[in-house]
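The next part holds the structures, each set out as structure tokens.
Each of the next two complexes has chain A plus one other chain: chain B in the first, chain C in the second.
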Partner chain A sequence: MNIKVINKFLSIDRRIIYVLVAVVILIPIIKPLNLPVQVTKEVLGVYNEIDKLPPGSKILVAFDYEPASTPEMDPMAKAVIRHCFRNHLKVIGISWLEQGRGNAQNVLSFITDEFQRQGRPLKYGEDYAYMGFKAGESAMIMALVHDFKGACIRDYLGNDVYTMPILKGIGSLGDFPYLAVLHDDSMINSWITYGHEIVGIKIGALCTAIMAPGIYANLSAGQLTGIVGGLKGGSEYEKLLGYRGLATNGMDSQTLVHFLIIIFILIGNFAYLAKERNLRKERLR
Partner chain B sequence: MDFFKRKFPILVVFVVGLLMIIAYYVPHKPFNQFEGGASMWYMIIRSFALVLAFTSLIRSHYLKIREGKLGWGYSLVMFLALIVTTVFGVLPYGKNNLFGTRSGTIYMWIFDYVNTPAAATVFSLLAFYIASAAYRAFRVRTIDATIMLIIAIIVMIGRVPWGEMFSEFMTSKISHHLVFIRLDRLTSFLLNYPTVAARRAVYIGIALATVSTSLRVILGVERTYMGSDE
Partner chain C sequence: MSHYSPLATTIGIWIAVGLTIAIYSFLYKDNPFYKLAEHLYIGVSTGYLIVIAWTDSIESLLVEPLLHPRSSESYLIIIPGFLGLLMFTRYFKKAAWLSRIPLAFLIGYGAGLAAPPTIQAYLIRHAGITIAPIFNPKQFALNPMSSLFGILSIGFFTTLIYFVQTDRYTDWGFGRRLFIILGTVLSTVLFFIFAVYYPHRSLWAFIEAFYILLLLVGVITVLFYFFYSIEHKKSLKGVAKTGIIYLMVYFGTSFGYTVMARLSLAIGRMRFIVDDWLKKSTIQQWIIAIPVIIVITIILLWQENASRTAQKSE
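For the complex of A and B:
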């Protein structure tokens, strides 16, 4: 191959790459491809545990992700909360990340408004509640293990948690049959160490795609019931609930971008190998 | 004076550390009560760290503005953001729906329309940088790099619908003997076995290092947390 052509392929202007990435992201947003999604056993592990809880059960949801992760995390957060309310479960939210509070408020109000429109109004304090941001990281979880209400004292609206009907019968973190942790950091480790290992609470991890590979070790050790990782996990959860949401639509763009990146990697490598071959030939001459 | 400056903190760390270890393994009275109380104390003390962070933030940015250092304008923006969010977030919620941190307040408006889009935009830029970096850096220069490249391509294809569709097509339409090139299953294998093995080794290393550092602190060998002698 001509050396000029090889060099051109080896130094494609980054602006061309940026424009192509933008185009392949935008195309499915304008015209969805409706690609099918296959459900994996990791996502089923979370879905089945929530699905088999009897109506009226209380589920704790930890909103531990930052605004930067909302495009990836919000679809799965909405899916899991929607699943809980569809099954008449009671949702109690909590955050140990200060900015997780805003995300929790947005997700909970979005889903409760949706149920309101569908003619099934949900009552705050009875069907759902949000404890707000609680400082202390691991120590907060240890405090929740010993005395859940004592560690919370008040919810995010300033209500006394001791008088909230939804928390009747909850003395410790171990009184919850399930904990769904929405996270974009390594906080899941503390929930496992001080929650699962001490009081045996079952945990489902819902996280960004970048965090997922790191917690497969916990899954295989039985410390997690399942993993919902990134947009892919979110799209699988949406499929299990029977609708195409933001995660499923986002998978169209993700598919195209993955293939675009692979094409660029292949172009770069073919050009690199061709250049190496030319250099070897020149050396032999 | 030396007792309160050097020996007393070591004694406190030794006693509390030992009690916390016992409480973890003996979750019965009185150790569990101590653990519960200590956790509450930690949460309270930790909240005061916010005051320290607030003061430190104001001090460093104030100095930057006063001395006219490079980028002092950003410090002004920081002060503006700090004042606006604090005022609207801390003042009590009223009928006017302006103050407080509930949905519909100005604080939440800032969170929804400034904080979230700005943070998400910066994070989203990664998609562009990763595409460009992958093209430039992923080269089959060595055997290690080639293995990494092949695995990256398998996972990238196996985790998206086209990869799943391709795998399904190959096994159901062409031949079920082609099951070994089912990229979705190969991806699942890579995540469930080699990744777990490597991760577990890292976890064990972290755990051993944490135990050794904690023991050094509890036994008073590691004293850097008390600052220098001067």
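For the complex of A and C:
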């Protein structure tokens, strides 16, 4: 191959790559490709545990992610809350991150509005509640283990948790049959260490793709029932619930961009090898 | 739950789109729009965090129990409250030593609280799941042939370890090396055939058992890679290199997932721009927005120009 062409390939302006990535992302957003989604056993582990809970069960959902992670986390958060309400489960939210509070409010209001439009209004304090941000992480989890209401005292609206019907019968963290942790950081470690190991609460991890590889060891150890990782995990959960949501549509763009990245990697490697070959030939001459 | 008026939502969307484009403009090069968005992000998030920390934490967990105590125990909250206040003594030179008291309490409490459950959750539990399947009769059946090759495999493996250790001092020669390595591999394969494949008659059981072995090798070699008391030379280098391969597989997976995560964020912003802004924006909105955008652009460019001139004159 001509050395000039090779050098051109090796010195493509990074801004051209950015533009191409943006275009490839935009195509499926404008015209969805409806690519198929395969459900993995990791996602089924979370779905099945929630699905087999009897109606009226109380599920604790930890909103431990920042606004920067919402494109990845919100679709799966909405899917899991939707699943809970469809199965007539009662949802109690809590956050260890200050930023998690806004996300929890957005997701809960989005889903409760949706159910209201469908003719099934959900009542705050009876069908769902949100405790707000609680500082302390591991110390706070220990406090929840000993006395859930005593650790929360008031919800995010300032309501007395002792008088909330949804928390009737909840004395400790161990009284919840399931805990879904939506996280973009290592918060899951504290929930496993102090929640699962001390009171044996079953935990499902719903996390960003970056966090997923690190917690597979916990899944193998039986400390988690399943993992819903990133947009891919979210799309699988949406498939299990029977709809194509933001995560499933996002996977179209994701797949196309992955193809583009593979093409760039191949071009870069071929050009590099060709350049090395040309240099070797020149040296021999 | 919170609801916003349509006007507030529309203004919010326009500001969010403007800030998104401003942040992404950094991909072209550093510019005043990016700086504005960056400073706004830091300022707004800090302000937001302070408000949330006050309302959800200090007010509800400290002020409220003191103003409306449930029992006499509620007054105990004064102790952690006082310890928290001692943290602020760091701002006064003469009283700064007092801040060590809550810090010492935090570190002592944290270590005491964390040590037992962490050891249980991350050391005992994980070591257990690595070793336990090897002794599980459902995975490895015990019969005369599997016992024979199991003993042979352990024997060869022990010799191999001895060989690896003494390899630094003595040259064992090619024939012995080959015999020990082939013996280890063959006896292990035969053990797997008689202990796993024949009793279960399933290729899947064989693969699963092989995966357990692969995992065990990975744990040992990666741990060895971080063991620096012995120099990684000759055969030991091979063990450490195997550990590196395992680590690289993990890093590769992690990197792949990271790329996926970053793309998800870009997809989310693009979707927001297309679905919430481009598809929903009206001509009236554009008529109001364009002059505002022009004014902001002029102000930012003028300020950037002024700061550049000031820098040049300095």
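What we mean here is this: the second predicted complex is superposed on the first by the 285 of 285 C-alpha atoms of A that agree within 3 Å, B and C clash if a C-alpha of one lies under 4 Å from a C-alpha of the other, contacts with A are read in each partner's own complex, and residues count from 1 in each chain.
Rule of thumb we're sticking to: a residue touches a chain if its C-beta (ideal position, glycine included) is under 8 Å from a C-beta of that chain, and two chains touch if they have at least 3 such contacts.
Predicted model, so just to flag it, every value in this text is computed and none were measured.
In the superposition on chain A, contact is made by A:Asp147 with chain B only, not with chain C.
By the document's definition of touching, of the two partners only chain C reaches A:Thr112; chain B does not. Contacts of A:Phe259 after superposition on the shared chain: chain B is touched, whereas chain C is not. In the superposition on chain A, A:Gly250 makes contact with chain C only, while chain B stays out of contact range.
When the two complexes are overlaid on their common chain A, residue A:Asn278 makes contact with neither chain B nor chain C. In the superposed model, A:Asn269 makes contact with chain B only, not with chain C. Shared-chain residue A:Pro36: touches chain B; no touch with chain C. Once the two complexes are overlaid on the shared chain, A:Ile12 sits against chain B while remaining clear of chain C.
In the superposition on chain A, contact is made by A:Lys134 with both chain B and chain C.
In the superposition on chain A, the residues of chain A touched by chain B in one structure and by chain C in the other are 14, 18, 21-22, 25, 68-71, 99, 101-102, 105-106, 109, 134-135, 139, 142, 156, 198, 212-214, 217, 220, 232, 254, 257-258, 261. Within the complex formed with chain B, the residues of chain A that make contact are 12, 14, 17-18, 21-22, 25, 35-38, 40, 66-71, 99, 101-102, 105-106, 109, 134-137, 139-140, 142-143, 145-147, 150-151, 156-157, 198, 212-214, 216-217, 220, 232, 251-252, 254-255, 257-262, 264-265, 267-269, 272-273.
Against chain C, in their complex, chain A makes its touches with residues 14-15, 18, 21-22, 25-26, 29-30, 68-72, 98-99, 101-102, 105-106, 108-109, 112, 124, 132-135, 138-139, 142, 153-154, 156, 158, 192-194, 196-198, 208-210, 212-214, 217, 220-223, 229-232, 246, 249-250, 253-254, 257-258, 261.
Contact residues on chain B toward chain A in their complex (touch as defined above): 24, 27, 32, 35-36, 38-40, 42-43, 46-47, 50, 101-103, 108, 111-112, 115-116, 119-120, 122-124, 127-128, 130-132, 134-136, 138-141, 149, 152-153, 156-157, 159-162, 164-165, 168, 184, 188, 191-192, 195-196, 199-200, 203.
Against chain A, the residues of chain C that register as touching in their complex are 1-3, 27-28, 45, 48-49, 52-53, 55-57, 60-61, 64-65, 109-110, 113-114, 117-118, 120-122, 125-126, 128-129, 250, 253-254, 257-261, 263-272, 274-275.
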